[in-house]
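Chains: A, B, C and D, in written order; residue numbering restarts at 1 for each.
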Amino acid sequence: MNTINIGMVGHNFMGKAHSHAWRTAPRFFDLPLTPRMTALAGRDAGRVGAAAATLGWESTETDWRRLIEREDVDLVDICVPGDLHAEIATAALEAGKHVLCEKPLANTVAEAERMVAAAEAAQARGVFAMCGFSYRRTPALTLAKRLVDSGALGPIRHVRAQYLQDWLTDENTPLTWRLDKDKSGSGSLGDIGAHIIDAAQWIAGSDLTGVSALLTTFVADRPIGGDFVGLGGTGGTDGPRGPVTVDDAAMFTARFADGAVGVFEATRFALGRKNAMRLELNGSKASLAFDFEDMNALWFYDAADEPNAGFRRIQATEPEHPYTGNWWPVGHGLGYEHAFTHQAVDFIEAIAQGQAPSPSFAEALQVQRVLEAVATSAADESRWTAI
Amino acid sequence: MNTINIGMVGHNFMGKAHSHAWRTAPRFFDLPLTPRMTALAGRDAGRVGAAAATLGWESTETDWRRLIEREDVDLVDICVPGDLHAEIATAALEAGKHVLCEKPLANTVAEAERMVAAAEAAQARGVFAMCGFSYRRTPALTLAKRLVDSGALGPIRHVRAQYLQDWLTDENTPLTWRLDKDKSGSGSLGDIGAHIIDAAQWIAGSDLTGVSALLTTFVADRPIGGDFVGLGGTGGTDGPRGPVTVDDAAMFTARFADGAVGVFEATRFALGRKNAMRLELNGSKASLAFDFEDMNALWFYDAADEPNAGFRRIQATEPEHPYTGNWWPVGHGLGYEHAFTHQAVDFIEAIAQGQAPSPSFAEALQVQRVLEAVATSAADESRWTAI
Amino acid sequence: MNTINIGMVGHNFMGKAHSHAWRTAPRFFDLPLTPRMTALAGRDAGRVGAAAATLGWESTETDWRRLIEREDVDLVDICVPGDLHAEIATAALEAGKHVLCEKPLANTVAEAERMVAAAEAAQARGVFAMCGFSYRRTPALTLAKRLVDSGALGPIRHVRAQYLQDWLTDENTPLTWRLDKDKSGSGSLGDIGAHIIDAAQWIAGSDLTGVSALLTTFVADRPIGGDFVGLGGTGGTDGPRGPVTVDDAAMFTARFADGAVGVFEATRFALGRKNAMRLELNGSKASLAFDFEDMNALWFYDAADEPNAGFRRIQATEPEHPYTGNWWPVGHGLGYEHAFTHQAVDFIEAIAQGQAPSPSFAEALQVQRVLEAVATSAADESRWTAI
Amino acid sequence: MNTINIGMVGHNFMGKAHSHAWRTAPRFFDLPLTPRMTALAGRDAGRVGAAAATLGWESTETDWRRLIEREDVDLVDICVPGDLHAEIATAALEAGKHVLCEKPLANTVAEAERMVAAAEAAQARGVFAMCGFSYRRTPALTLAKRLVDSGALGPIRHVRAQYLQDWLTDENTPLTWRLDKDKSGSGSLGDIGAHIIDAAQWIAGSDLTGVSALLTTFVADRPIGGDFVGLGGTGGTDGPRGPVTVDDAAMFTARFADGAVGVFEATRFALGRKNAMRLELNGSKASLAFDFEDMNALWFYDAADEPNAGFRRIQATEPEHPYTGNWWPVGHGLGYEHAFTHQAVDFIEAIAQGQAPSPSFAEALQVQRVLEAVATSAADESRWTAI
């Protein structure tokens, strides 16, 4: 069987998840190309070496440019903050490497547009690019997409999307790159809001055409250099503090091209909500609801069941459901990381078949345009802003 | 024991609920004044007579002005569409009658302001007015208020409020007064949005100061004169249709005076959601969540419980909880109508004690101002509109 | 319209619920006979007088025998502890009064058999008897019965029934008549176990044929004369204690006549479960689940929905659902007491139509036989005991 | 770092899960010994070769005796049906190999006793044995154990345990080894009942001392040689059928050594329940509830929270919770297979530290004794049977 050599840039939270995906995909799925974890790039030689040993990469680089130049790398997997996406992805595509780029695609629309141009040029040469909106491959959400595509919902009228976390609730949680606009582009908006924008547009099968938005920052400054644990952490209360330059919460109303209306909210201050990535779609014939905090379930209401209708808690673990037949018997739930494995599977299959993968950079650019419109509207008295 | 004589105007859905309240309150609560169901007013002599017999009223009037004039009426209970509220309430208060007026208080801010003036003048004479935001007296929501007032949540950062119903999903559900702007003032906004605006402000203990809104109408016209059942009904598909002149759905972002932000949504097109009046508040110390479709439960997350914290499903049926000690043992749930009974109890107690009841007309006027700001913003490209 | 005069014996928890039912039934349902709350009997003149005033009864008696003799009483409603049921019910039926008797029907099978004989003799004279297994009239459970009767479940294989409360968890909750075998016959078994036995047999449409049981008493003695609140209460820890002579928890496996197997559990020590009366039936085609702590919902799994099947949370509040069309719009939940109102409605309709009501005393005797078999098995090393 | 060489016997459902565990454990946990997937044994050379390639084993054997003899195998992982456990495990331990043996430990108590003797003899030589009751390492259940051990629940009065699946509901699901008593020892009892027996005893910290049981078989014969998919499958309806020689459902009441009572039920006919492995414990101070169909959540009721108590839905994904700090941020759920990875981690650590792992074979023997007592009681009119 042929091999596809992977080179990954970055080795923190996302790097850990992507490594698991490349390692696990060929053990559960019958792939046309076997991924080989060839090289890992990171700035610090000591840290990248340790990460490669832990995560299982065969070699390391301390400069992502070197990684891209390597002949034994076929696919570049970008797992670094958003300010570096455009440069790395463009260079990799030009070097003839397939690219998997974490979301959000970039920190600005201009960057994203350059990336789309590079991706389209590359595709003409059989080189493919994909953006890592991994939640699309959570089986319950993939099933949601299938149900909408099947026409089960009829015309969709309402979309409500929330992404609620609480790891910034404490005012002394330390500053990280995620709170620095230069690194991250935005706060809750790009970090988690991007996920629900992509998921909503993808599942509804319709793009947003305009928004009215409100952004807010609850905590203006935070401790520098605290002890960071996972996403959150605990800083000291006496040391120096630095400014938070991004939004703590983002809220907007929206219209979709097909006539639906939407309400979106992303925050990292919803105390008690740990990873409540929630979507609900109401059509004229059926409705769907999902909450990542119960990630193996999709709730489905079918008006055809009336008067004995009710939201059904479908456990998206049947052999007929997306991806799940390759794992365990029904009811034996999957976890967060499985979506990354499915993403790896689908990207490898797309490459092997010479078909464009999805989400394409163009789809991710559309998300970027929504993010920009949200920021524009919020800065202009919430005025309606077309996309 | 002394008696308080009730005269009620209107005898449809709300009239049925209010009648049950006046009848039931003295059987479960030890009241300072015993309500007597003295007179019921309705335009049609036959219909009001039948309603009085069914609902248990001693006499009838076919003109609300006659009801107000009656010396044996102490309290006027207004259960008719919003276009009549101002005239009846003002006249009743001037005639020295206490007034309980259904929500929304009026169809316009101007009307509501007149009503507040009348209420304040009356109060100086010991005559009281109250607006029927009954959900405040659902025990789980009263408990929510108590918890916020106790300081358990700390400063509140987020309020999310939804009122989702689905009885207009079918395009052939007939026109009723609720879809006629002249009668109802607005659609989902005033009908059900008013409830969540009031509940959110009351529980948070802070008024809205500005909004950015989106209103939409999905179904432009509907059958005239169909067979109306409950809130919904089934019309013919061939007969004449009339225009829907109100919003089918209302969405808005908001800021509260104390710094919190809010997201509100009201719709009657959320297929599968029957009466999902939902509130969630996230404070810096604790959070609360409620859904009327599971109305006896209040969900409470207390950060003090961490790391073994989680939203607790409190069954608001303990003897220590609001109102419930007068009913059944713990876990024996209450229903929709109990809030009306509690409203009757509290109004009677306020009157007997000579204390101003809540929600006052002034509080209801604040809701009216929010409704107006929402409409203004929606008509002006969702621009931020101060209240 | 004709009147049916009610005489009630007892005025505590059940008396309060029954009074509400007689008062409310004619206001929401179109009845063939209007109930009149004619007379209330209780031993203590002062207490029964106060209760009559509060609950709305026109007159009182201090001896139930007098109540039965009254010509202006058509129906005797028995709301006293089980040791008095047989004597009162038998006398009332012989006096030509219809009888509604609280559950469990009696404290022994022998008593219950005498009551059935009296009921059958009375029925031949057009006088009817009914036992108050009120949960049958909770709309979600009535809907469950309808679904089973329609054949939706196919042959039933499993029934699991639990009734979990926690009001005896505290060792110092005082002794009451419910803990005295002479008064109550048994503990959790007859008090709450009887409800799930009746509901399971009724909904499954099949009687139990044998059981293997375990009874246990966790707290051997409790304070005498403590301050009793609701079902529970708080006693002193220093005063005299008396023996608990009933079971604190009852558990048994069972077989039904139609081949299904069952598991039953009743306890008042399940800390955190306030009124978790739960039923689940698994058929070959569909399954049902119910929990009284979310009493307006019935969960329904239909294998015909596979692979997108899941338990549907049906809100049993549609106009098509049992009883609910007479109350509020969909999603506006009902409470505990509504089942008593429905019971009153159905009994009055049965009397007016001259049709035997259900649950009959014979059905209640079958429950009594199960209770006896459970006790027998538990006393004999859990040996299988036929019914 | 030192290596520990693994040899695994069997490569079906359990073999897939164990392979994933050995592969994944060193990538997320800092292990004292690095597992090497050295050899896989299976009877059929072609099938075992294909499995080794897919699952990632370095070499293969077609006779488990050869695997045991290999000097480069340090640990034997037994993933075959129960009739082979005793022979393989005993031989492996005698050969000085550590043994991880799938549950149930054996098909009879006699076999299990031999295995315990072998394990104890081996342990004296520093060779360890562990039984694969993997659910103990599902973080929410490990957290349950911690809470009980901390004294949070106080004395436990009730345990209710259910393991409900539905993959045998269809009468034409084909025969497999799991329905053949010679291979599997029993049906639902040993397959899934064993899991809840082990979990209940382990979490409660107390062994069962007696049971009264009922076993039943709903479908007497099934198609031979159908197309088997996952646990279930679809057989033809016309072909030959063979007898089901095991129980389809097992139910029993029980007593624990510390005074608690329990109700247990295991079935593969609970239509709609896919993998509902449920536990509830009620103590005098707190209660716990778990359902594997929502596997990342532990429900906890603490009486100290009263009157605002309620079951908290703890997401067992905090850094402080068992195992989860090594995976993802809070709220990013884990799946079924993670428990196997944790099992591998804990066994490797125990071996490295020279400490006896748990569940030991002796603990698994206790489960076996319960299984035998259940079968004995069921065969003797459900009579109480001591363990």
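In this section, a residue touches a chain if its C-beta (ideal position, glycine included) is under 8 Å from a C-beta of that chain, and two chains touch if they have at least 3 such contacts.
Just so you know, these numbers come straight off a predicted model, no measurement behind them.
Enquirer: Using the contact definition given at the top, which chains are in touch with both chain A and chain D?
Expert: Chains touching both chain A and chain D: B, C.
Enquirer: Considering C-D alongside A-C, which chain pair is linked by more C-beta pairs in contact?
Expert: Result of the comparison of A-C and C-D: C-D.
Enquirer: Taking the mean of the CA coordinates per chain, how far is chain B from chain C in Å?
Expert: It comes to 35 Å between the two C-alpha centres.
Enquirer: What is the distance, in whole Å, between the centres of chain A and chain C, each centre taken as the mean of its C-alpha atoms?
Expert: Chain A and chain C have C-alpha centres separated by 54 Å.
Enquirer: Give, as an integer number of Å, the spacing between the C-alpha centres of chain D and chain C.
Expert: Using C-alpha averages as centres, the distance is 41 Å.
Enquirer: Among the residues of chain B, pick out those that touch two or more other chains and give their numbers.
Expert: Residues 273, 297, 309-311, 315, 319.
Enquirer: For the complex, which residues does chain C have touching chain B?
Expert: Checking each residue of chain C against chain B gives 13, 17, 19-20, 23-24, 27, 54-56, 165, 167, 229-232, 273-276, 292-297, 315, 317, 319, 325, 327-338.
Enquirer: Write out the stretch or stretches of chain D touching chain C in their complex.
Expert: 157-158, 160, 162, 166, 169, 171, 212-214, 216, 218, 249, 251-253, 255, 259, 261, 263, 265, 267, 269-273, 280, 282-287, 301, 303, 309-311, 377, 381-384
Enquirer: Where on chain D is chain B touching in the complex?
Expert: Its residues touching chain B are 143, 147, 297-300, 305-315, 318-321.
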